[in-house]
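Next come two complexes built around chain A: one with chain B, the other with chain C.
And then the complex of A and B:
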């Protein structure tokens, strides 16, 4: 085997080529990390937003969008009294009729942006169990409560949505009464209004949905809720498990995810071909050198391993650079999308994907030029210019 | 010592397997009971003078014995999976979408082309219940060849809790028209 220092020294023979290889692989790995983190972030927030213990009742035909759904207000009490196995706290049943609405909201600094509004009563805390009040209090009439990441969704400074500040819905002003967290869910990008306030502001006399939380002891099931929808044809309801609802939304975002991969793949392909070109040129210039090493006793396999070592050193340096860049540019960054905000995180899976990409770039990318360099017979290679 | 350990393990496995099969047997028995109760509902002879669903909805009160005809239509999901509950509609008032020319609806039984108010007044829920009044845990679909848009004649009792705007019938007999 050739000494490792041979591969190391060869790296610095041509600094511009080294920079090109390191830079190219860093771009490819960074893009891949970004694509994996983006997809994982979106999947994580959607899967964490729905609980298998929660069932949503929506209007028939609106199973794919709560915003479009209309449910009669009487359905809330009908569901609470007819369905068995609903969770309860202090004898209050976990049934929350809610209004979901998207509308422009103006912040104290005058920024007007589309916001996700939810009209709720205190019972909402019995079904959305991940919600924790960070400061202030639950909104009463004339008040609203903002999520921890709502400022990111609205594209404003955090202070703009501080407790006590005002928000404008049309011409109506509401005071921010509190700030809440619902870690990893779309809820923390929303603004929660008093349900009656939002009903009058949006001039609607119906709910968007009713969320029920089934008891954890297994006494209730989705079948009981579905049975209720069959037996109460007049209410025109459909039952869907909350986690299944968000799974379906995830399918809706599939084209965006595919676009992310396609963009990453296209840029990566450009970088890979550029890298291949550089390596072809670099190795082609060393055919005679390789032949000389063969003639003094080094096998083709030893030379091949050395070339791979050299290439891996460059691509893994690029990978390391990509990780450093990703740590500062991507990790913890929140990305707003139509129904909430998700966070990019460098999870072990993301890091593993980047590492695998770096190793593949260094090995598979080196194969064609290395084979081309080592394939000619020894006399022919020694005679090459 | 080792032998004793193995015997204990073997015994535990036997108990575990036995309890598994007991559970399976119990669920199979419940299913068979439900299935036989449903099969018993199928009528071989066609009941006479069935009423139309739209007329029944206007006249019948909870507790009334009724005989009516209707088609399995009126909703996207007309059969509830795992429960003896289905939705029947009045074919004289609402129409399956595939009967409209140039209509390629994937679920023609949802009668989506009809006026929602007319549809609401022309459908009812048919269920087969146990002694406690709870729907049997077996679906209607496939029973006696029943499928979406099948025409049926049902005899039964208007269930308690039925109102002017919503009607449920506890079936005592179902005739599937061929």
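And then the complex of A and C:
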């Protein structure tokens, strides 16, 4: 085998080519990291948003979109009294009729953006158990509370949504009464209104959905809720487990994920071809040298390993650069999407994917130029210019 | 006594499209151990093809190439590579040194294929560099050496693992007269004092005159043989 220093020194033969290879692989790996982090972030937030203990009642035929659903207000009390095994706290049943609505909201600084609004009563906290008030209080009439990441969804400064500031819904002003967290869920990007306020603002006389939380002791089940929907056929309800609802949403976002991959793949393909071209040029210039080493007695396998070492060094340097860039540019960055906001995180899976990409670029990417460099017959290669 | 090299009825043919080119046809040659043989001839006469066949760089279409009685024409590419590592030192017209390595490291290349320790390698490398008169240039890179010095490093690389056979393809073709003479003297010393069998291809009659025996090739056949110089 050729000494490792041979591969190392070869890297610096042509600094501009080295720069191209390192830069190209950094771009490819960074894009892959971004695509994986994006997909993983979206999946994580959707899977964290639904609890298997929660069941959502929606209007028949609206299982795929709560916002389009309409449920009679009376269904809330009917569900609470008819379904057994519902969780409760201080004798208050964990049943929350809610209005979900998307509408433009104007912030104190005058920015108007589409926002996710949820009209709730205080018992919503019994079903959305991940919600914690960070400051202020639950909204009463004329008030709203904002999620920790709502400012990212609206694209405004955090201070623009500080407690005490005003929000405008149409011509109506509401005061921000509090700020809440619901770590890792889509709720963190929402604005919660008093339910009666939102009903009147949106001129609705119905709910969008009823979320109920089954008792943790197993006394209630989805079957009981489904039985209720069959028995009370007149209410025209469908029951769906909350985690299943978000799973279905995940499928709905599949085309977006595919587009992410396609975009990343297209840009990466450009970088890969650029890198391949660089390697072709770098190796083509050394056909005679490779032939000389073969004439000395080095096998093609030994030379191939050396070429792989060389390009692995370059692509792994690019990978390292991509990790550093990802750490500063991507890690912890929140990305808004239609129903919430998710966070890009450099998880072990993301890092592993980047590392695998770097290794594949250095090995599979080297195959064509290396084969082209080592394949010619020795007499021909020794005569090459 | 058996010749060191015995080329027996060797034919080498290449097919280019529908045309078959035969640079060597039914050629035979014996080279005794320790002889310094020069092959001369015009371009396309087949001299480099013959040199490559003797060095195990190429294989014949038919015939035998016996080196120490072993027919290397029957070896596979991988076997030939291993054989070359042990038995052949190749000297090129344009030196073919690895530019990123120092003279010392270039000479070390054939030794890295063996099992010698670092100190043993060092001893052999310095000894080879001393023999070619470049002991003080071990740390220099090829770009820091003259053409003649580069060729000396290439010779040191060719002899460092002590092969019995040295093949040289136009070793003085890119050098001035003074450097060329010095290289030819060195090759002569390697043959006469160190017992190396040397086959050299050259266009230069003066270089050819330095050899023990000169053969003229034309269209794949020897046309003339003459003893140009005798070494006691």
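In the analysis below, the second predicted complex is superposed on the first by the 385 of 385 C-alpha atoms of A that agree within 3 Å, B and C clash if a C-alpha of one lies under 4 Å from a C-alpha of the other, contacts with A are read in each partner's own complex, and residues count from 1 in each chain.
Just so it is clear, contacts are C-beta pairs under 8 Å (C-beta built on N, C-alpha and C of every residue); 3 or more make two chains touch, one makes a residue touch a chain.
Because the structure is predicted, anything quoted here is derived from the model rather than measured.
On the superposed chain A, the positions of chain B and chain C stay apart, so the two partners fit side by side.
Look at A:223: by the touch rule set out above, it reaches chain B but stays clear of chain C. In the superposition on chain A, A:263 makes contact with neither chain B nor chain C. Measured by the number of chain A residues touched, the leading partner among chain B and chain C is C. By the document's definition of touching, of the two partners only chain B reaches A:233; chain C does not. Once the two complexes are laid over each other on the shared chain, residue contacts for A:74 go to neither chain B nor chain C. In the superposed model, A:13 lies in contact with chain C only, and not with chain B.
In the overlay built on the shared chain, the residue A:102 is in contact with neither chain B nor chain C. No C-alpha atom of chain B lies closer than 53 Å to any C-alpha atom of chain C in the overlay.
Across the interface of their complex, chain B is touched by residues 60-61, 223, 226-227, 230-236, 238 of chain A.
Chain A meets chain C in the complex at residues 1-3, 6, 9-10, 12-13, 288-289, 292-300, 377-379, 382.
Considering their complex, residues 48-49, 52, 55, 57-58, 78, 81-82, 84-86, 88, 90, 92, 96, 98-101, 109-110, 112-113, 157 of chain C touch chain A. Put simply, chain B touches chain A in their complex at residues 74-77, 80, 82-83, 85-87, 116, 120, 123-125, 127, 135, 163, 165-166, 168.
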